[in-house]
Amino acid sequence: MFSRSRSCLLIGVCVLLTGCQREKRDVRPSPTRLAIYGDAAKESALRPGGPINPQPVVTNPYNGSGYDISEGQRLYQWYNCNGCHANGGGAIGPPLIKQQWIYGGAPANIFDTIIKGRPNGMPAWGGRIPEYQVWQIVAYVRSMNGQQPTSATPTRPDTIETNPQNLRNRTSGETK
Amino acid sequence: MSWYGGAAKLVCFAAFTDALAFCATDVQSVVNPAGPQSGKIAGLWWFFFWLLGAIFLIVMLAALRTLTRPNRGFAQEPLEGTHQVSQETENRTTRVVTGATVATVVILFVLIVASVSTGKALSELPYKKNTLTIQVMGVQWWWNITYQNSDSSLVVKTANEIHIPIGRPVQIRGLSNDVIHSFWVPNLHGKADFIPSRVNTEWIQADKPGVYRGQCAEFCGLQHAHMIIYVVAETPENFRKWYDRQLQPAVQPSDPVTQRGQQVFMNYACVYCHQIRGTDAAGQNGPDLTHFGSRLGIAANTVPNTPGNLGGWIADPQSTKPGNHMATVAVNSADMQPLINYLESLK
Amino acid sequence: MIQTQDVLPNVPNQEEDISNLERVWRRGRGLFGWLSVTTHQAIGMRYIVTAFIMLLAGGIEALLMRIQLAKPNNTFLSPDLYNQIFTTHGTTMMFLFAVPMMEGMAIYLIPLMCGTRNVAFPRLNAFGYWMFLGGVLFLYWGVFTGAAPDMGWFAYPPLSGPQFTPGKRTDVWAQMITFTEFSALCVATEIVVTILKMRTPGMTLNRIPLYVWSLLIQSFMVIFAMPAIVVASSYLLSDRTIGTHFVNPSEGGDPLLYQHVFWFFGHPEVYIIFIPALGFVSAIVSANARREVFGYPAMVLAQIANAFIAFGLWVHHMFATGLPQIGEAFFTASSMMIAITSGVQIFCWIATLWTGRPRMTTSLYFVYGFLFIFVLGGMTGVMLASVPLDLQVHDTYFVIAHFHYVLIGGAVFPLFGAFYHWYPKMTGRLMSERLGRWNFWVLFIGFNLTFFPMHILGLKGMPRRVYTYPPEVGWGFISQLATFGAFIIAIGGIMFLANVFISRKSGAVAGNNPWDADSLEWAASSPPAPYNFEYLPVATSRAPMWVPREERAFVTGLHTDRREVLVTTLMDAEPHHRYVLPGSSIWPFITGITVSIGFVGSVFNPWYIITGSTLTFFALVGWFWPRRSTELREEF
Amino acid sequence: MTEPKTIDVSHLPPYEISNQAPLWWGQLLLASIEGMMLCIVIAAYLYVRLRMDVWPPPGDQFPHRLLPTIALIPLFLSCIGTYWASEAAKKDDRGGMIKGLLLNLVLALVFFVIRVVDWYSLNFSYKADAFGTYVWAFLAVHSYDYVADVLFTFVLFVLVLIGRTGPKVRLGVHVDSIVWYFLVIIWIPIYVAVYWGPKLLETQQ
């Protein structure tokens, strides 16, 4: 009897927890994630080192958080990542929807790539944007590959062309 | 004297101070029109108010009159006779109810005519000449403003603050590229929803100088409450001056502190989102800051534009406006004062 | 064997009939029995209790919002929490309180008023309740796990779309809608069929009580309006979960289309809530004014007209979206026409009270409160129908004041009146009239104190759905007043609850017809037996309970050894054939579980639609599989 | 004091298989709910089309019209089987019910096979654009209802086959017929919208 009520409690707690990570919205980033890795990036402990990557030890604080993935999606546009990588399919830069990563596809590797930049065009964002935003972008990039829970990942963007005249096969949109 | 005496005093005091506030703070009020559009609507409002108020009183008096009918009380009387009303009474009541219904129809007809003719009058403003076109784009959670002109050198970009000359019809072309917003400056006109993939226009005109407060009126997410726009109505001369000032690129910093501030701005993430014309900063994601120092408010007018507020806003945007999209950038304490000085110098 | 009906015909085998009925209609024991109940009184009561709990939940959410808004720049709630709470408040009140409460009252009262033993589809009825409960549990699961919807109760895309509301919040909302609309459609179907086909003999169309008319009209409105919200919530859900483009403007969808579809449902929804309440008012007025409601044909026609017009004015929720002017004029006119049909009803009630001899019971107090509040809300409604005025006050506190005046005044005040009126029927004891008066005045004053100032707030430019405001706009004091009023309403609510619980134990025993009211439910005992009537009473006039006892008539010859009822013809209610209702069944509950698996699962993985449907198919086969045991007992 | 009058109903039939049965009315209402839903979606489809300049959107081909048009023949013919079965149900004619239901099921399957083949031939997915979304939604919703009703008809068929032809089953067969007519009737506007809609609403270049 005791064990049954305990398992009921356990199930109840699990049910309550299912929503938590996905729905968490820390709009205010924790102060420890405000660091801007400038030149310090080279001495950063977050250096998994080179193309061949041993066990990544750094986990993304925003893993599985719907809000942060969506923030990452916004920043991906804001910081013009789509300028080279398009919507993950790649253009000037390599595609991001893929299995094989040149510099490693673990969260820490992607973080590292964004912070330090890579040869042949990937700029170093270290010294520019705060750490928490990099992690949000990492979360979004990983979601492109289905590396985030589907329940936390948007199915499609609401990509909206601002100017109705530019819309493909659309009427002008003038209503008055 | 007891506790409720004190409470009564308190309420009276609060009522008094608020009555003062009521008179003083009509910067965002439907019944304090500052232009022809809102004036017509306010006129229509008072017409509706008095007419419908009178009808309400009549209906309520009729309803209360029924209370004076002989009351049967709780005791059970014999059933016979109580449920039947004489035919004569029924006929008279029928006449009264029919009359009331006919009166309702007539009054509603009057109201429809008044409403539709006011609507027509509102749409006549665009036919005036000498108009000004301002493109306003609602963005989560601020207003991106462009004064349109066929001559591209006369286009002005700013944010969260519209200056208009008095007596001149202004066309607001409303856009949105994220969610639906609604532009509403009640002292000038009603709402216009800004809907992605559509352009909605609204014509406003102010007849007396002043600062009119407006606010997004369609729920648009976390900071819907802090998406405020000021419309500053000025004399044509003042407007001209303001406009010419806005056409200029940003002032170059003259003293070492502001020069340092400019460097700070360029070195941090600020440049990815903000534009300061005349410098390398060309970000388009956030408000244009070219003439930031001349504006009334910060963070879509969430707080007044003071150096203190600005410092607080940059250091921790999420405390002023939780959930907004400005990056929290850890600016060194040594860099903060020059940065504030620089931004405030952008008159 | 106890006689429950006030008058019984003199027929042989009376004792045997009654003991048969007792046996056949007995509810099962234990948890299994509780889950398989299909009698309408039990299901109706479950709806009422669950919906009332939802009223309390919505009320608590309202108080939290009022605390947050009591002073400028308050930080009691974060914006994220505030958005969740106001959305949950609206959703709860519209979908989980108002509609289900009206349905619950209808399920309880309609078979009694129609003089039959149960609703037409008892198992569908039970299933509807499980669906409703599923919606309640799902939404509040979201609330307690931080996945409460936060995009407003009408969930306009793109804000509610995949990009701007990450996580599962909108999905929870959309599937909660699916649950409750299932429930509403089940109830509407069975109410319509019960009213059309199972009225007692003699209850011709022009003898149907006004409350039953209002439910017939409301149910048809549900049938024609709810499909729109099915479409709207499916649009949203499939856009979010499988990436369709129903409302995606960049691929040819249109967010404005969602608004059209939503309000095509949303406006009739308001009438779905308050038309039954008008039925309550008619019942209370006729019972307490000691005469039939004046102008019966006018009342019925006005309600029908109301229902038709309700489908032609959804656009007045969208005047600010920039529609063509000619359309706006049309929708102004149609919106104002509602004032005519509502006006006719108001005039008829006043005429009834004027020519009758009103007995001031608490329920009649609530009717007077209703008249005051609802007429005032109607006046502001006429203002909102005018395009220029609407452009100013749309989406402000003026609108909030307006719809609380029409929904609380138009639906909740009559509902409280109805509780006081029918509580003795449901429990067998009268509620305290003394506490009732207090209850009324506290609610009435609290209500006006809360919501009247909001008109002024709206005119002073306060938009709705803002989680805070700065001090310089001068909304502080009025907001504080409204917060104060909200707590008075809460006290009124507590007084009502106290009255319910005290009277349950120690109220005066009611007897069958404490108010000497006119309709057939008062012929049954209080509370009614599971079979309602030993012998179905015949409606010999429009007010069958005011017919002298010796002139009443009854139906005999129905089999009492099974749940047999009488089916009558549509217009004249002539007896047509007998019809055996199913007894207790666990299958509605099982089907409820399988359907819930589909609904809840599909939020996380679309394939659950297939899983849920397959399971539901088997559950339905179990549901409809003819039982050999019952079939053999049938003589045919 | 006179005794209350009584109306004796014991002579009335204990069940009814016709449009007087409550179940028949319930089914009619469920059909109106679905019909209403369909009306709204078709109206929405026209609305979306009016907002587009080019129709169908570039890249999307017209759906082929040959197969679905041929498929109408078994669909309409299947109504005969349904009618046959429902009339037999009224007369308690087990053989007639079996034949009618069998005809219904076979033709329904033929139709559905053609539907699936045709569906595969669409060159756009629901993810492509609003046009694709609507076409897929129409097909998916109708197929869902269709499969559900075919399955329930099959269950009824099995019941009749094993000799369970009590009034409930026969009423079921009768009511199932109106569901089937409904499914056939709503297919007509969907067919027009999906297969002729793009053609009829084609942009005049």
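Order as written gives the chain letters A, B, C and D; numbering starts at 1 within each chain.
What we mean here is this: contacts are C-beta pairs under 8 Å (C-beta built on N, C-alpha and C of every residue); 3 or more make two chains touch, one makes a residue touch a chain.
Please read all numbers here as calculations on a predicted model, not as lab measurements.
**Student:** Considering A-B alongside B-C, which chain pair is linked by more C-beta pairs in contact?
**Tutor:** B-C
**Student:** What chain sits nearest the middle when you go by CA atom centres?
**Tutor:** When every chain is reduced to its C-alpha mean, the one closest to the whole-protein mean is C.
**Student:** Report, in whole Å, the distance between the mean C-alpha point of chain A and the mean C-alpha point of chain B.
**Tutor:** Taking the average C-alpha coordinate of chain A and of chain B, the gap between them is 36 Å.
**Student:** Need the CA-centroid distance for the pair chain A / chain D, whole Å please.
**Tutor:** Chain centroid spacing, chain A to chain D, equals 46 Å.
**Student:** Let me have the rounded angstrom distance from the C-alpha centre of chain B over to the C-alpha centre of chain D, please.
**Tutor:** 51
**Student:** Provide the list of chain C residues touching at least two other chains, using ranges where the numbers run on.
**Tutor:** Answer for chain C, listing residues that touch two or more other chains: 80, 158, 164, 242-243, 245, 248-250, 252, 254, 322.
**Student:** Identify all positions of chain D at which a residue touches two or more other chains, and write them in rising order.
**Tutor:** Only 51-52, 57, 127 qualify.
**Student:** Of all residues in chain B, which are in touch with two or more distinct other chains?
**Tutor:** 178, 196-198, 200-201, 222, 322-323
**Student:** Considering the complex alone, what residue numbers of chain A touch chain B?
**Tutor:** So the residues of chain A touching chain B come out as 25, 27-29, 34-36, 74, 78-79, 128-130, 132-133, 158, 160-164, 167, 170, 172-176.
**Student:** In their complex, what parts of chain B are in touch with chain A?
**Tutor:** Within the complex, chain B contacts chain A at residues 137, 175, 177-178, 196-201, 222, 268-269, 272-273, 285, 316, 318-319, 322-323, 325, 327-330.
**Student:** In the complex of these two chains, what residues of chain B are touching chain C?
**Tutor:** So the residues of chain B touching chain C come out as 14-15, 17-18, 21-22, 24-31, 38, 40-41, 44-45, 48-49, 52-53, 55-56, 59-60, 62-63, 65-67, 69-74, 76, 79-80, 82-85, 89-90, 93-94, 96-97, 100-101, 104-105, 108, 111-112, 114-116, 118-120, 122-123, 140, 178-180, 182, 184, 186, 189-193, 195-198, 200-201, 213, 215-225, 302, 322-323.
**Student:** Looking at the complex, which residues from chain C come into contact with chain B?
**Tutor:** Answer in residue numbers: 78-80, 83, 151-152, 156, 158-159, 164, 249-250, 254-256, 290-292, 294-295, 298, 320-322, 325, 328-329, 332-333, 336-337, 339-340, 343-344, 346-348, 350-351, 353-360, 368, 371-372, 375-376, 379, 382-383, 385-396, 458-461, 463-470, 472-474, 476-478, 480, 516, 518, 543, 546, 548.
**Student:** For the complex, which residues does chain C have touching chain D?
**Tutor:** So the residues of chain C in touch with chain D come to 7-11, 120-121, 124, 185, 188-190, 192-193, 196-198, 201, 223-224, 226-228, 230-231, 238, 242-246, 248, 251-254, 257, 260-261, 264, 535, 538, 549-559, 564, 566-567, 569, 575-580, 613, 617, 620-621, 624, 626, 631, 634-636.
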